[in-house]
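Inspection log for the structure reproduced underneath, given as structure tokens.
Should a chain be cited, it is by its letter among A, B, C and D, assigned in written order, with residues numbered from 1 in that chain.
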Amino acid sequence: MTTPIRLSAEFLGTLFLLTGVVGSGIMGEELADGNAAIALLANTVATGAILAVLIVVIAPLSGAHFNPAVTVVFLLRGEISALMALAYIAVQVAGGVCGTWIAHAMFELDVFQVSEVSRSGAAQALAEIVATFGLVATILGCLRRKPEWVGPMVGLYISAAYWFTASTSFANPAVTVARSLTDTFSGIAPVDAPIFILAQILGAVLCWFLFLGLFRSESKLQ
Amino acid sequence: MTTPIRLSAEFLGTLFLLTGVVGSGIMGEELADGNAAIALLANTVATGAILAVLIVVIAPLSGAHFNPAVTVVFLLRGEISALMALAYIAVQVAGGVCGTWIAHAMFELDVFQVSEVSRSGAAQALAEIVATFGLVATILGCLRRKPEWVGPMVGLYISAAYWFTASTSFANPAVTVARSLTDTFSGIAPVDAPIFILAQILGAVLCWFLFLGLFRSESKLQ
Amino acid sequence: MTTPIRLSAEFLGTLFLLTGVVGSGIMGEELADGNAAIALLANTVATGAILAVLIVVIAPLSGAHFNPAVTVVFLLRGEISALMALAYIAVQVAGGVCGTWIAHAMFELDVFQVSEVSRSGAAQALAEIVATFGLVATILGCLRRKPEWVGPMVGLYISAAYWFTASTSFANPAVTVARSLTDTFSGIAPVDAPIFILAQILGAVLCWFLFLGLFRSESKLQ
Amino acid sequence: MTTPIRLSAEFLGTLFLLTGVVGSGIMGEELADGNAAIALLANTVATGAILAVLIVVIAPLSGAHFNPAVTVVFLLRGEISALMALAYIAVQVAGGVCGTWIAHAMFELDVFQVSEVSRSGAAQALAEIVATFGLVATILGCLRRKPEWVGPMVGLYISAAYWFTASTSFANPAVTVARSLTDTFSGIAPVDAPIFILAQILGAVLCWFLFLGLFRSESKLQ
């Protein structure tokens, strides 16, 4: 695939992902009558489903990273150049922010917002490490044996991780930046974003390192 | 497949789709005790599931459009004649209306109704553009690489889009007409239907145009 | 497969199906705090999931009918002898009844019960015709092109039909008999069972007839 | 695969499984506003999804047992040595306990807890026999014909069994031990654990025995 197609694909994919996450959070909270579990359940269904679809549709074009932490892992594996990785990360963030704004526009909210939802503390950072470790393990594990299942499996993984991690599993620096720009259900205060992003990169790199150690010989062959 | 089989398949498929959408909306609202999120969750599960099944079962017969916006895209791609496209659209609308009436009959409601649910404004139109753009992208994307996954992926896409678009993602002119004839959970006032339909066609054509631009050379080969 | 294996498989499969349907109905109602939509949502998830699993696991042994209406269709198609069909139906009913009793035992209820849940009227009968028509169409449609998808697709179809048919889609005479023996969420008064069973057979035969008409030539080849 | 890889895989898999089960139980209960059905629904989605992912990703490394009852069945089938089976069981229990502790840490709870949730009586034991019988039947049935579907099918089976068994389907001795160390939604008082474990082993062995009887000749060939 040519570079413009790859970057357009990453941009559009991350855009739709954020429209999905932020939009379903708004709708869930509006309808759930104060029951946060029902709102999160709706948010879970929408996020898991759209992730599976986006990865299946876009993976043949750009690899369907939609996630700087994932792009960093592929950079470490030598499967993407440093320059292309930077370009991927830039369009992921830009796409995510645009996706958030489209969600706002669709729900007749102010387009430009800043989140005030506090998500801080060591436990939240641990949750993001666990969440991103698991996400990268899902991707690398599927790529080894079932590459065509990456989409559905990532959708299922995130559906689970929304509930079992205390941070509801952002697991994605572009998503974190974009969600800092919405003061709705799925937001995160900008002041808390840097720790989330660090934890996500750490979890991703830890998982890459573990795979490298466990499968050193096989990795070389791949 | 012969023309009668193709048209019967489109008719029956759109009929069952609307019975599914309208029927589960009625049941969801009846049981959900006033919690609209729970009603929409039930509506989501039923719609996503029946869409996946109908497409898997009926795609070998007629392509399983069930949707004039999708038929228009295949017309633009030169994969269906103008005459057949018109016939498809006619039976889709007829099937959708019959499906709505069957849902009413099953739930002992007046068969003939007109919706009074207002769904208007620029934000709703934007939502329908986004929803139908994404639906067509899901279909065209899967057809390029994973044609046998169109059914499950469209089911997942609509499950997500019910929540992340402010209009709950009609994304289908035949569905819009048919839902204007039910004054229940899933209805839309007839006066609001034309804007929805325009937005849906616009979203579909935009997506077709994007695919054409991105994959000009490949499209010619297909 | 030998006859004992086939009949054991039908018995065990229908048993687990009813344990799933009745058990999840009891648990759903117990926990849902009076919200019938939440109880039915739990019942839906459990029924759809166990159906998919049972069909995938048991289809290689007996065809995984678990349903006299389905067995009648295969009899009409000449794919099972009349004698074997009778034996299938007998073990399906016996398995279903045992499954209901196991559910009662697990939840510390009286094992032997009779339902008092009234489900009567023409609309309910129409709902059962629609539900069983759709179920048989799902099965025959998948068998034509995607035989390995019958399990997941039937699970999805029933998940949808629980919500879009006014009767919550029994669609199965053995299930109807077995559910007349539980006075819990999923029960049906014995006096209402015969109409349900007639409607189910009618819906199944109608669907078989439609397939025969549409695909006469192809059917002969198969 | 080498022994260290196999044991690491069983350890990590069971760890993530318990983080998923316990973590989503905590989150579900926190958010569900006292409605236990909604909490269990969230717990169900998370557990079913993470199980499917873990089995798909880890099966090529260790077989993805995560469950001493399953390991015992493979020991009886002569597919794992007694020594390796013991090692598997040890790392499964250790992984499960660590996974529970990680869930506690993420949710800022005391890491070391003991459950006070009573789950006792003959009906609960019967439920665990049924649950584990069905789980092993799902695994062995899929392995015979659709080995690549074990992950999704086990995920679906447990999603159903959470609702149709009165014990919410622990079906796993390592999970039972690990859940005795959390005083949250998914806990079980240690005094009730031994009966659960016995019932699980019994259900698993019964299922193995049934398969042996039904498929004696075929089993020898495999």
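Here, a contact is a pair of C-beta atoms (placed from the backbone, for glycine too) under 8 Å apart; a residue touches a chain by one contact, two chains touch by 3 or more.
Note that the structure is predicted; figures quoted are calculated from it, not measured.
Asks: Given that chain A and chain D are copies and touch, would you call their interface same or different according to whether over half of its residue numbers are shared?
Replies: Mostly different residues: under half of the interface numbers shared.
Asks: Fit chain B onto chain C over the CA trace and report the rotation angle, somewhere between 0 and 180 degrees, nearest 5.
Replies: 90
Asks: Counting only Cα atoms for the centres, state how far chain A is from chain D in Å.
Replies: For chain A versus chain D, the centre distance works out to 28 Å.
Asks: Report, in whole Å, the distance between the mean C-alpha point of chain B and the mean C-alpha point of chain D.
Replies: 40
Asks: Among the residues of chain C, which ones contact at least 2 other chains?
Replies: In chain C, 35, 38, 41 touch at least two other chains.
Asks: In graph terms, with chains as vertices and touches as edges, which category applies: line, ring, star, complete, or other?
Replies: Ring.
Asks: Which of the residues in chain A end up touching chain D in this complex?
Replies: Those in contact with chain D are residues 34-38, 40-41, 44, 48, 121, 123, 126-127, 130, 134, 137-138, 141-142, 144-146, 149, 153, 156-157, 159-168, 214-215.
Asks: Using the touch definition up top, name the residues of chain B that touch chain C in the complex.
Replies: 5, 8, 16, 19-24, 27-28, 31-33, 35, 38-39, 41-43, 45-47, 49-50, 52-53, 56-58, 60, 102-103, 105-108, 148, 155
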